[in-house]
């Protein structure tokens, strides 16, 4: 099928199974598919395997809600709005979650290899670092590198003495998530996708994934996007489902549309210092609202409008940010 | 130095030494730096080592003029304007040039590896094909894989049984040309480069190269290009020299600016069926004119104007192309 | 004139028309198709106008799903990008190819053999006549699920051979380097195996490949006999499985070719 | 007030001001600088306004040479792309990093050791307190020609240690996996070796690395003694090579920090 289906968020997220491997478009607290994160939690997905170029508020929410069995990434935090991912940190410290740490290039390469149909890609990054310490192969130590899980390979990585310059280099295995969920500014009615601003590693993670859900601020006529094909990121045949959902990236930021809601994320971070705190937060903001529409109503129009970007700048020119 | 120098074509090409490894931006008969090709020939460069994702009219000219010692690429032809690169074919048939044949992905990977600071990249392409037949390692057979030439590695390629899925895969070595010359539509006065239309493999070959010459239709204010940084291809610090030279891609095509001059290329192809034919052609069009300005005068305004693109389409809507 | 869906009669079409239309029929709706310059472009466009309206065409220069209103004359032609979904570059489209996203590829070649190996580098091997070289021919044949080769044949039996003199692109049986043992493609490509040649379409017939990966005549073009097809091969072509005649171009297809897709007469002169 | 180029006196600046300005002085004009969020951003911006007007700043999210008119609060902030030369993504900028194009990197960390190894993953190793993890910290330290670490120190001697409890990013001496032998970075990285940590800048002093790749005190910030710097390390800091006091911020630099770069008081509260 060369064209995606336009569906509701509930329907799209309903396709995802417990145990699936997931990744997301965006970068730290920018352009994350937050409405989909809330819906994954509402649908009580369990034992998800996250493989993320970098994490952020969205990862930490899924972990706090008990949706995640395995977390693999280079980072989890909230940028300036919170020191680290508290839910993830707590579960790691208590041994309640399986995880693998990677350098940024490692995990980018893993997904890029997946996108290109390659079994691995090489890099010189992070040689001599503890992500590559054989003692820190956590999935291996848990006995999961025995072929029983199709998402977990035989080796975390391999050192390779390559034959061209005789250097030692790190080979990291491909990752092919079952699903990637990405929030974008625009998708055409036949599925062409445009991202405004930085593309981060969206192309790589989307192409690596077996299925894709694109959540878009707006569905626009194909013809409009196709006037400038050099500005588009994806053709429609790489997309399985399209969901039209304005503000669906809140509380993360969306270039040219709205700022991250730093206060909201900071409040979340404070709440997550204990599991009870997170549970209360989730009760209020996820389980306590019927759907994303009700969540937006609860936030209220003036809060949302205070985040809106100035079109000449791509960000808000009125938001109070500092102490002066 | 973070900013390029704006220089004349003569000065830029004057930096290139005999024996240097060169590559070019563009694709077959599109967006090739033809003015630079003429100037390389006029300056009688010798023993150049071309490493090209794909060749075209420009390669065949350099070969005909005796500038090329080694040719490595996946293809040389003139698209519909000529069946193959006649000068190259003749020298290959007579054993007058060293060459290595590659598949498109192989040579793209070689330059991408160079761009990323990697010693190799893997691919599954063209396994079982004669480009990978050990008997066709021509540089090896010529004794050039002995370390004496810094541009020629120990191995043409290596088959590798990779440890993640136990598949056999081809590893191709990085290529890092001394120079890449690229023709573009726009460069800013601090060197930011924008390409309109398809980017082909320009980013890869430019980033792989130690030095870069950008030939631009026009130099524009930096601020103009920086209004839309997602549309730009390169920052200025990757560029050594900028040359402003409208029509500098003639007779190849330039998206949004002008068509390829198919008749000119077809005439060239006809002339190149013999070395004498090429020599006469070169006498008329290269040595017979003082510089590119005189070449354009010789072509004449009406010929050039007949190639001009319609801005709504990116190509000419008036040019006669077929039999009807 | 007959109804537009009706098949034209001998004399109402040229050999090249049938070549393009027979090729077009290989596309299924919704497929992702990688095409080269010339007849392959015409074939995918005919298919998009008929049975495969949502088929997507990719060119190796980087344009994806262009909707040209004027026929491109090369895969990097500005016309390819008109109303395209994406216009980026080689890394994008070759990456998609290698990851198995391409259902069908249309290519040409100078020489084809019993196993569907293709030569577009040297006629007569490395000491013979030099051609253009691979371009993307090798990559696309290596990695697409199905490939269709479009080749002239009549009076050119040296183009249909038992073994090509230089393997630019892999067929169903290829050497394993460095030991040179001839083995099935799947054995060489392992987990990267996506498929191989599905058909060769010439000006005389449509050829397919059997369970052993060997070429046979599937249908013969009107005006030729299976024996003539065999006589225009340098090897002993299997004609035993021939199903009959290739369907001629419909009037609609001819109209598309000459009036809609190539009204300028660039390829369809 | 003194001339703008004059150096401020103790009491006229805060510790964080000196941290930012001392860091800014590491940049040479024309350099390609990779910076992280927070103080590193301020430092490169001060440098661009003073001795390094053509220095270029890259952020790992993909923006190159932005000219923000409002201070970004993360490397993916829309403000980073304002008047940028290129705004693409991670593959672009990490590729440039690995190919040796980055002259200088500015980073933070939770823990640093004698050899400049940095930890931002676990305080106390994998059974200890979990932090954010590497992000690009490891990659950038691995592959930049020089890196400058910006770290708080006063009263936090557990952050300056003999051996970090988890190596997120490599210093001058690192283990070789899998045999765990500690060797110089150059030996592990081979032809990919581009350099390593050039300086650690804290709220007490500027530290550099000697021929053995071991940290020493280069200059001490006004108001502190070399001995106090040593007391705020968990290892026996070499203070024998201390050249004297760190130059204080100039009035121009203070003006830049508070009036031009961060007038909103986001970092410079």
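The chains carry the letters A, B, C and D, assigned in the order they are written, with residues numbered from 1 in each.
Note that a residue touches a chain if its C-beta (ideal position, glycine included) is under 8 Å from a C-beta of that chain, and two chains touch if they have at least 3 such contacts.
In this text, all values refer to a predicted model and were calculated from it rather than measured experimentally.
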(request) Pick out whichever of the two, B-C or A-C, is joined by more C-beta pairs in contact. (result) B-C
(request) With chain centres taken as the means of their Cα atoms, state the distance from chain B to chain D in Å. (result) 40
(request) Report, in whole Å, the distance between the mean C-alpha point of chain B and the mean C-alpha point of chain C. (result) 28
(request) Would you give the residues of chain A that are in contact with at least 2 other chains, written as numbers and ranges? (result) 117-119, 123-124, 165, 167, 169, 197-199, 203, 230
(request) Please list all residues of chain D that touch 2 or more other chains. (result) 63, 81, 87-88, 98, 143, 191-192
(request) Select the category (line, ring, star, complete, other) that matches the graph of chains linked by touching. (result) other
(message) According to the definition already given, which pairs of chains are in contact?
(response) A-B, A-C, A-D, B-C, B-D
(message) If we count contacts the way the header does, which residues on chain B are in touch with chain A in the complex?
(response) 117-124, 153-155, 158, 162-165, 167, 169, 171, 173-174, 196-199, 230-231
(message) Which residues of chain C touch chain A once you look at their complex with the stated criterion?
(response) 30-32, 54-56, 63-67, 81, 83-88, 92, 95-96, 98-101, 143, 191-192
(message) Under the definition above, what is the set of chain D residues touching chain A in their complex?
(response) 37-38, 60-63, 70, 73-82, 87-91, 94, 98, 121, 126, 128-136, 138-139, 142-143, 166-170, 174-178, 185, 188-192, 262-267, 269
(request) Under the touch definition given earlier, write down the residues of chain B that touch chain D in their complex. (result) 1-3, 114-119, 188, 190, 192, 203, 207, 223, 225-227, 229-230, 232-238
(request) Flag every residue of chain A that touches chain D in the complex, lowest number first. (result) 27-30, 53-54, 73-77, 79-80, 83-85, 88-90, 92-93, 101-105, 108, 112, 123-134, 136, 159, 165-169, 197-204, 253, 255-256, 259, 262, 309, 313-315, 317, 321-324
